[in-house]
Amino acid sequence: MYTRIKSLKILPLRRSPTAALGEIHRIEALCDGVFAIIITLLVLEIHRPHLSPGHLTTELLKGWPSYLAYAVGFLYVGVVWLNHHYMYEKLQASDLPFIWLNLLVLGTVALIPFPTGVLAEAFRDGDLADQKGAVVLYAFIAALMSAAWVPLFYYLHKNPALSKSEVVQGTYLKQLQRPLVGMLLYLAAAGLGWFVHPVFAVVVFIFMAVYYALTSQGID
Amino acid sequence: MYTRIKSLKILPLRRSPTAALGEIHRIEALCDGVFAIIITLLVLEIHRPHLSPGHLTTELLKGWPSYLAYAVGFLYVGVVWLNHHYMYEKLQASDLPFIWLNLLVLGTVALIPFPTGVLAEAFRDGDLADQKGAVVLYAFIAALMSAAWVPLFYYLHKNPALSKSEVVQGTYLKQLQRPLVGMLLYLAAAGLGWFVHPVFAVVVFIFMAVYYALTSQGID
Amino acid sequence: MYTRIKSLKILPLRRSPTAALGEIHRIEALCDGVFAIIITLLVLEIHRPHLSPGHLTTELLKGWPSYLAYAVGFLYVGVVWLNHHYMYEKLQASDLPFIWLNLLVLGTVALIPFPTGVLAEAFRDGDLADQKGAVVLYAFIAALMSAAWVPLFYYLHKNPALSKSEVVQGTYLKQLQRPLVGMLLYLAAAGLGWFVHPVFAVVVFIFMAVYYALTSQGID
Amino acid sequence: MYTRIKSLKILPLRRSPTAALGEIHRIEALCDGVFAIIITLLVLEIHRPHLSPGHLTTELLKGWPSYLAYAVGFLYVGVVWLNHHYMYEKLQASDLPFIWLNLLVLGTVALIPFPTGVLAEAFRDGDLADQKGAVVLYAFIAALMSAAWVPLFYYLHKNPALSKSEVVQGTYLKQLQRPLVGMLLYLAAAGLGWFVHPVFAVVVFIFMAVYYALTSQGID
């Protein structure tokens, strides 16, 4: 079922399509495992009140930025999972560089719980300076996550043998537009958040999540 | 095997049933991953005694609300997994809105370890006011979990093409009754727990878990 | 592929064997997910030294009970996974009571990281009284894990339609011997550890892990 | 589909190849689950600043060893996953000793988040003595991870019936060279790091990750 992958070469088209699909599905399964864990780790970032008897309710109410951050983080991972999923539907084979570029994307996605937790903490217990630092961290990591898709789409564009025959030449080049827009806007958000006010950055974060959600099946 | 999902349209019935089932099974696998992780994260909520030499045994005995909360939380996730599982057995295809509504359910289920841990902590170290706050938190999140099933069942009712042909019209409308009962009773539990006594809320929580367990294969 | 399970009835033998196997494999996949997570959560129980500059090396050396506990815990989960795996190889169908009895086993296995961490902490930082408390906790949870297999094996014995045709009548009754031996010896270990010396209990724990490992493919 | 494995015997070659492959794929799925979780747990090792209002940004900047450690740890797990994956592609069957030797490899890989976190903490908050202790810990665990592959490759060499027919005699003997080189270099890194300077050890760690990455498809 599973066949050896020749690295750094285009796979001959004569390989049994079932074999190649098996390979693809295995990598996708690893990715799905990572997505499932990221989604669930977000709940660990929700602030647990340090209990001093009689103050639990107040503490829980003050935790609202955690709850909001959880909701946004969850939607964000959902969007990335959908994007990832729709990319895999176009593939029929993989090779070693593809696997590594794909791991790079996973490695940036797996970071999400970290800036999400920091952002929530800054808005709950921090002052304006802390919130500025936290939105810059979030923006940089989100820009990194966008950036990681660029080499992946470019590699798929250059190696059409990895895609199913019905995928039109130029598809991935068009998709490149989305992570590039993302990188620019996240960097702009970092600037806005640091030099103007952190709330502007948060607005951009929400806009970007919606943008990625609406274009998750690709731009046409 | 896996086919592209057309979003926001009813899927044509001529699609190969194997292809559509493959899609369904992949989403179900993601959900199963999330369920497996939630089940296992519950153990992290069990209170680890802060060791002061010679007091471990007493500390462990005082941890009983943690153990009880673990047992109840575990049964609860088990029940939701079963409900989820029986819903998927009726499906033959998916589309983008369905995936998002399904993610919404997952996102509320993934919260379980949080109120479970807070509840156990309140009954171990807190006073009556803390326990009131904790049961209200638990009731609100449980009501949210119930609420998340409402749009999912309604969408399945409105889009019969997603279900297998043997699923009778009206099946999902009947199932809607269960999350609606859940929402009402959880909100009642919040009121009882806050204004009367937290123990009443806990009784409703246990009753609801049993109700959902007994009806996990659907109401007829 | 997946078919509805009739609860509380013996499954008719005419069901397509593929359908029933599909069901079995899905539940097994959920269990494998839980096992994979438990195995990996054990590493979180390894004591991280609280850093006071210049003392890391000493702190790391004092952490040896953590390392030993990790090794034993890992072997233990491995043994339970093997036992679970060999049981599933005999099955051809499942029903609702089986799923619940199986969840009960999972729920006790998922506890392993908790007593493992407490045991390591007691041997690192605690006194003799703490170690006694910790071995009793470990023994009770291990006895519970053994106990959870009893109803599962008994149910399989009473419902031969769940097993493949080549499974001989009486197989599961014979297997019952193993969890029963386990329960008795773990309770004996609790007594020895509490009234005599905790080290005796640890010896029984190691003996039991070896016993379960050697008999993981069943007793003949 | 899944068949009983006879332990400690070479599997008869007449077993249906599909059956044996099913077995292999199930074990691989368990391993993939563990890999997915390890990859994602690394993010939990990233230092979360303890918030004192107004200092978040400084704290985040001081966290750079955490970020570097995350990147290296992620690449490392990726490399091991690839190595593991390419080994499985050569197999057609498994038996009980193979499963245990494979679990041994998993058990050492699952440790990665622990020394990774300690290393980052030592370079962030510790003095030179702490860094020496941390690189020695890292080197020992990495040497252990390399060592765990030796019995696995040797067993596969001695039991050719587990491998696909196209795998040439002597393949695994040649692969043995890689973990042996790893063990020697990691032990040398421990010596260099402890007696000379921790930075030398870190250089060896990076060199080894690159060496394993470049040879992940085996030496020819």
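Going by the order they are written in, the chains are A, B, C and D; count residues from 1 in each one.
Methods note: a contact is a pair of C-beta atoms (placed from the backbone, for glycine too) under 8 Å apart; a residue touches a chain by one contact, two chains touch by 3 or more.
The structure displayed is predicted, hence computed values, not measured ones.
Trainee: Given that subunit A is a copy of subunit D, what angle of rotation, in degrees and a multiple of 5, matches their CA positions?
Mentor: 90
Trainee: What chain lies farthest away from subunit D once each centre is taken as the mean of the Cα atoms?
Mentor: B
Trainee: Same or different for subunit B and subunit C, where same means more than half of the interface numbers show up on both copies?
Mentor: different
Trainee: List the centre-to-centre spacing of subunit C and subunit D in whole Å, with centres computed as mean CA coordinates.
Mentor: For subunit C versus subunit D, the centre distance works out to 25 Å.
Trainee: Provide the C-alpha centroid distance between subunit B and subunit D, rounded to the nearest whole angstrom.
Mentor: Between these chains, centre-to-centre, one finds 36 Å.
Trainee: Which positions in subunit C touch two or more other chains at once?
Mentor: 29, 33, 36-37, 44
Trainee: Considering only the defined contacts, which subunit C positions touch subunit D in the complex?
Mentor: 21, 25, 28-29, 32-33, 35-37, 39-40, 42-44, 46, 48-49, 51, 53-57, 60, 70-71, 74-75, 78, 81-82, 85-86, 88-89, 216-217
Trainee: For the complex, give me every residue of subunit A touching subunit D.
Mentor: Result: residues 1-5, 7, 26, 29-30, 33-34, 36-38, 41, 44, 96, 99-100, 103, 106-107, 110-111, 113-114, 117-118, 121-122, 125-127, 129-130, 132-134, 136-137 of subunit A touch subunit D.
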